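Both complexes shown next keep subunit A, but they swap its partner, so subunit B is in the first and subunit C is in the second.
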Partner chain A sequence: MADDGPSKYITLVSSDGFEFVVLREAACASPTIAGMLRNQMIEARTGRCSFAEISSIILEKVAEYLSYRLKYKDKLDVPDLDIPVEYCLEMIVAADFLGLDEQMA
Partner chain B sequence: MLINIFLRSRRPNRRIMGPQSALTDFLATHNISAAQIRADADARRRAAQSNQDEPGEEQSDHASAPPPAPEVTVAPSPALPTRTRGRAATELTSREEKRKKEQKVIEKIKASKKFQKRKRNLDDSDDEDDLALAIFQERSAPLPGQMENCAVCGKRFTVTTYSRSAPDGGLLCTPCGKELDQEGGAPKKKAKRASGGPVGKRRQMQSTILDGTYRPGAKSLMTLCIETLAKNIDLAEDLGDLPPLVIDKIARKLSKHRLLNPTTLHLFLQPSAEEVYIYDGAKLVATDYIKIFQMVPSLKRLKIRNGIHFKDEVMEYLASRNIDLEELYLHGSNLLSQDRWKLYLEEKGKSLRSLRVYWTDKHFGDEVLSVLEAFCPSLERLKVSHNQQVTGNGIKEIAKLKSLRHLSLDLRNEVHSDVYVSLLSEIGAGLETFSLSRVPDADNTVLDAIHNNCRSLRKLRITESDAMTDEGFVRLFKNWANRGLAFVDLEKCRQLEASHPRENPDNVGFCSNAFRTLMAHSGRTIRHLNVHGCRHISESAFEDVFAPGKTYPELFKLEISFCEEVTDFVVGSIFRSCPNLRELNVFGCMKVRDVRVPRGKILVGVPTAVGMVIEGDDDD
Partner chain C sequence: MANRANKPRPIRKPIMNKEVSEFEPCWDLLRSSLVDIHTKNASRLSFEQLYRASYKIVLRKKGDLLYKRVKIFEMEWFRDHIMPVITGLVSNNLVSTALVQPSGSSAHERRETGERFLRGIRDSWSDHNMSMNMIADVLMYLDRTYTAEYKKPSIFATTIGLFRDNILRNTLGSAVQDLGEPFVIFDILNAVVLDLINMERDGDNIDRNLLRNITTMLESLYETDDELEKQKLYLTVFEPRFLESSRAFYRNECERLLRESDTSTWLRHTRRRLEEEHDRCGTTISHLTAEKIAAVIDAELIVAKLDDFLGMEGVGLKNMIDNDRVEDLAIVYNLVSRVDKTKMPLKNALQRRVMDLGVEVEKTLRETDFSNPPANVAADGDDGGDKPKAQTLTAAAQQTAAAIKWVDDVLRLKDKFDDLCVTCFNKDLVLQSAVTKSFSEFINLFKMSSEYVSLFIDDNLKRGNKGRSDAEIEVVLDKAIVLLRYLGDRDMFERYYQKHLARRLLHGKSEIETEKELARRMRAEMGNHFTHKFDGMFKDMEISKDLSDNYRDHIRNLGDADSKQVDLSIHVLTSNNWPPEATRSSQDEGSKGKGKGDCIFPPEIKRLQDSFFKYYLRDRSGRVLTWVPSAGSADIKCVFPKVPGKETGPLSKERRYELNVPTYGMVVLMLFNDLADGETLSFEEIQAKTNMPTADLVRSLASLSIAPKARVLLKEPATKNIKPTDKFGFNPQFVSKAIKIKAPTLNGVSKVEGEEERKETEQKNNQTRQHVVDAAIVRTMKQRKNLSHIQLTTEIITQLSSRFKPDIGMIKRRIEDLLVREYLERTEGDSTVYRYLA
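Right, the complex of A and B next:
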């Protein structure tokens, strides 16, 4: 792969093989993902992060959240992202794993 | 025509109004004109008539229908040729034409203003077509005053505004309508929820700005999920395997929205849990508390706020079970009697390491404190807050607790300073936290006692002391063998004298020299400093402390509200000297007007158009 600097996008892979392409900047809102993409980890070289415990539906919502967060960074009067009730609990687990806890500066 | 308008505009005040009835006057004040209503009704009736009589003719919505006379003469002529074609064919074509005409009318409705308006007000996903159909049916329904056949019994009756509509369309006569109501068949209009809408959102935002908790940008994913969960908590049966920190967050959120009740309590009682934190026990009764102990046998840390129903029977149950609590935090448990407190401490005091009791006024007093020495040998943390019963005698008992590390008192009785002095001389050496809230009578002797006895203090709080002076504080911090403090709260240690507010001849309170000495002593370690209300700290003291050469690397949160000598320059110096400062509170510092806040810092208390909090974005 021609390597002229890290690609702008990275791929998140769910447990059942679905892949979601998101902006690197958006994904690094999660400290876990940022850590995976750092240094010389395999994920950093290939630009793919696999999450064996997160299903595709949840990961899709996570990808949506990451883009939403980037879009509304530092803005006032932000509309809330809708989370369907059925996935609420699993989303909490995923949010905890990815470190999307407190509002980071 | 033109001339008429001209004339009218020239003499607008010449219209002579005749006598009007009181009712007309009243309606006129509400913008209701009887003549207008009559004209509208006539127009509608004519429009409806022409709709029903002439299948081939189109009707416009708001234009008043042409007067009936010419219509009558025109109508027969086109009707004659159609009738000669034959009855059956006529009916077929007339039905088709009717359908086509209906379609056209519906399309016109969709283009009309009324439809657009209603469409905007739709609060659920109604189909647009449904709405158009509804308006169409409204139009084609017979008007009040006309005769109509009842849809159910076929009787002729006069349509009124109260006539119910049958579920399949058409109208019902009064008896049939009453029957329908009894059955409850009439679909009720959906009650419109008074939603906050944009006003509610903005108010919430302003409220968080004033609180100082406002953060721009999107909420964290965890917050969004927990909010959704809280809104739909009745659907949740089990919280599954979530980590304890997450469970705690959910508990807090639910308590905040007052959703913690016996049903939702179940979600937090996991058999393997060691801690149960209930942030709002207002809806829980004694049996619920007992249930906690039944379902969580390995409970170690218990925290209940607003635990009003934590009564004697609960305490008895707790004392009789195998649960050995290490931390007990009870807030608002006023129904516990003194005997039960003593019983619990006698039975279970051995394992108790932390006891925090808030807002209990009557029964947690000196006697309970007196048994602590005998039964709680490993007690490290004691906090008695908002208590009316404990007096100096109780504090003398506390002095006997040699294992105590953290002591926090917020008492309402007057306690003489000597009591504190002797307390400190007994256990001061081991104390890491010493907090006395609202002690107007405590004087310099207490400060001297701290100076002489405390060696491992990290957190110090003395608030609302009227008697301590600048000198006393200087003596405390000068050459003190204690290492630097991390948390200092000296809120409102100032002179309370209305007759000469600005002069302070005896230097009462925490003033300039004390401030200098404090920062010289603890500057390297201090993280959190609160000198709210210490008005007599002079500008030069601030400038000396935050001079160009000095840095305070650990200082994270600084509150200097109502220190009136703080200026813009001082604030700027503070930002320069404290690289890791996150929040600076200058509420009521009137000389702070225009300050540039560096990026990443928050300045609270300077009123701007946006609110009281300024998020720094200045790149210096």
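Right, the complex of A and C next:
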């Protein structure tokens, strides 16, 4: 997989070890993840981005959001992404970390 | 409630718990990874870890400390690891060759040292650039929050700017002191790059890619960390120097070319240089410079010596035009239109050339006339036409030939310049109209142009009958219209054309359809007014044809089977539409005192005239018909009786011929009907009996008694001239192979006017113009009521410009005349303003 150029998919790993496979294109909506994949460090070489301080519950939502964002890019009548109220605070922290907070307008 | 409060707790807590002291461990981590990044050992680092470290520092509000630390780290890195390498590349040799005039060293040597130096710069730049990109990514969170909040330049801008401050602006300390002037590495860099570019211009091969890397670097660096678009080092430092150096280079080159080579070489060279420089922007330096360097070439290589090159003796623009050097001219056009939207230099040169060639045409014409005395008509062969006429028409025919030669030459010139416009000048409108203007200028300088153009048309339409295809006629018509466009004094042309057209129509010399077609085109070109009279002429011809037919029917219906009845074909001309020559019976009044009044027709003809007039007045009362014998012709059936004593040969039989003669000739011949054999009539007797103008009579007698083709009269003495004392008798021995004989006519040929005649025509034309000017003034004043002298004059000139160029003096005189006649008055107070008096 390493030899045929970069794979279309990358893996996001949560602090508690859960893995989420998402499209590279979707993941790069986060400048932080894009930075990880751009520079020749561990993440770029392995295609795996580990987040030591994001739990699986939150990272799952992040992965869902990234796919959701790619799917409905440039579309009208977009359905809401359901985020349970109890996760909101943590989601905001994660969004800040991932640089996803500024571009959501 | 309690349930809910439990949930959002976990992640945030640990972060908050860690204390301020966490900065140092985080920085240590970052610092060691910065070293790894610079030494290209980044692959084992975890981006997430580093990012998180900087993230935490920033969250602890230590962003400014991190910012400073990174900056200091980079500066130290430059000082300790990069500068030694660069300083090593800056040898004394390099500095002296780059900054002082390169004298001792060979180009090859210079290129080697120079390229080595540039490569060093490029390598350290690309390392730095890459590292800075990586670091900026790692410190992304710092940029997003701290730098944005405090409006500082991004961490990337700051660290990349260090390259500028530490490398390019490095004064090299004590490295090279003996050169006096302070300088920085950037100076050396520029000098080396420019030297390399100049080497390439001189034909060397250089490492374009390397130069492109260097210029790209300069494009990514700015004067300050604010990174203003206009403050790229490329634009602020490199480009001005590049342009200056290029300017000097091309100035020298241009002077050298002017000294050592010719216009054609210069043209090609300049074109090549333009291409080269265009090419260079993109492969070697930035696209941003493309227009500016082109402007330098425009100024130094084109504009600077443009006039010198174009005017160069024997190889300049004149020579190109004369020899149809289309490729060179096309380059000239391209270059000139680059530097001058109005294309002045080219335009002027073209105009001058057109004028000169035009005047030359006129000059050769005059010389041809002088070098060809009337004797060698044969040389002018193509026009000498009918042999019997050649003798008597020599002068006139030659004049006509001259007119046609002039028109042909002008048309050839016109074709030539049209071709140039299409092939070389991209059908440029400015140039085309300039050329057109010059054409009409020189054509109008030539006094006889109006007459010559009309003669040209005359000649072509007359010959048009003889098996020419429609396409050929088309070409001739087009040419005629082209020339017509150039003529300024169209009223003069109208006058001549009317005269020539009248001759052609009355003598049936041309195809009526072609005539109409030409008139139609003139109308399209000049407007209804211009062809008004011609249309009237055509109409007269049509009506006359019907009239003749109807009259013939009328006579037949009378049942008067008179064998002596004369068949009549008549042209009734409306005197307004036709030139006075055609509608007045004679112009020769005063030539001999005699000939005044109308010609006396033979009784048969007289009867015919009366009969027709009566018929004509049946439908139209109150009209007056004037018979114009000078414009008509007659077919006469002649019977030559057998000559007594001749038993063999043609003379032994009775001979019948049909003789076609002008009306005057017919009148003369009819006199001999009543004469007994052997009797003669003297010139004076004939004149007394016919009341013919002397000149017409001389012409008629000459054609009937001198030219062998139709010598039905015998002259005594048998000389070649007609004298008033000559006697004429019937020639019973006349023999001809043809049954139908056309007596040579003298007035059917359109010939050039003599000096006297032309003056007369001009005078007449001037009179007409005066009326036209009068009318224009009155019309204008009636409409405007008050006008100043200048306004009025301008208005009149504009109004009349389509017909002729009014003379200002004439306008003034006409205004004065109208003042006297009280159509206008000067206003009180301001005597330059006129008022219209109703």
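Here is the rule we go by: the second predicted complex is superposed on the first by the 101 of 105 C-alpha atoms of A that agree within 3 Å, B and C clash if a C-alpha of one lies under 4 Å from a C-alpha of the other, contacts with A are read in each partner's own complex, and residues count from 1 in each chain.
Assume a contact is a pair of C-beta atoms (placed from the backbone, for glycine too) under 8 Å apart; a residue touches a chain by one contact, two chains touch by 3 or more.
Since the model is a prediction, treat every value here as computed from it, not as a measurement.
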For the three-chain model obtained by superposing on subunit A, do subunit B and subunit C clash or fit?
fit
Have a look at where A:21 lands relative to subunit B and subunit C in the superposition and call it first, second, both or neither.
neither
After lining up the shared chain so the two structures overlap, which partner does A:93 touch, if you call subunit B first and subunit C second: first, second, both or neither?
both
Touch check for A:42: first (subunit B), second (subunit C), both, or neither?
second
Figure out whether A:83 sits in contact with subunit B (first) or subunit C (second), or with both, or with neither.
first
Does the superposition put A:52 against subunit B (first), subunit C (second), both, or neither?
second
Who does A:32 touch here: subunit B (first), subunit C (second), both, or neither?
second
What does the superposition give for the shortest Cα distance from subunit B to subunit C, in Å?
6
Overlap the subunit B and subunit C contact sets on subunit A and report the shared residues.
88-89, 93, 102
Of subunit B, residues touching subunit A in the complex:
201-202, 205, 215-229, 232, 235-236, 239-243, 245-246, 250, 600
Of subunit A, residues touching subunit C in the complex:
31-32, 35-36, 38-45, 49-55, 58, 86-90, 93, 97, 99, 102
Considering the complex alone, what residue numbers of subunit A touch subunit B?
62, 65, 68-69, 71-78, 80-81, 83, 85, 88-89, 91-96, 98, 100-105
Of all residues in subunit C, those that touch subunit A in their complex:
4, 7-8, 10-12, 14-15, 42-52, 55, 133-134, 137-138, 140-141, 144
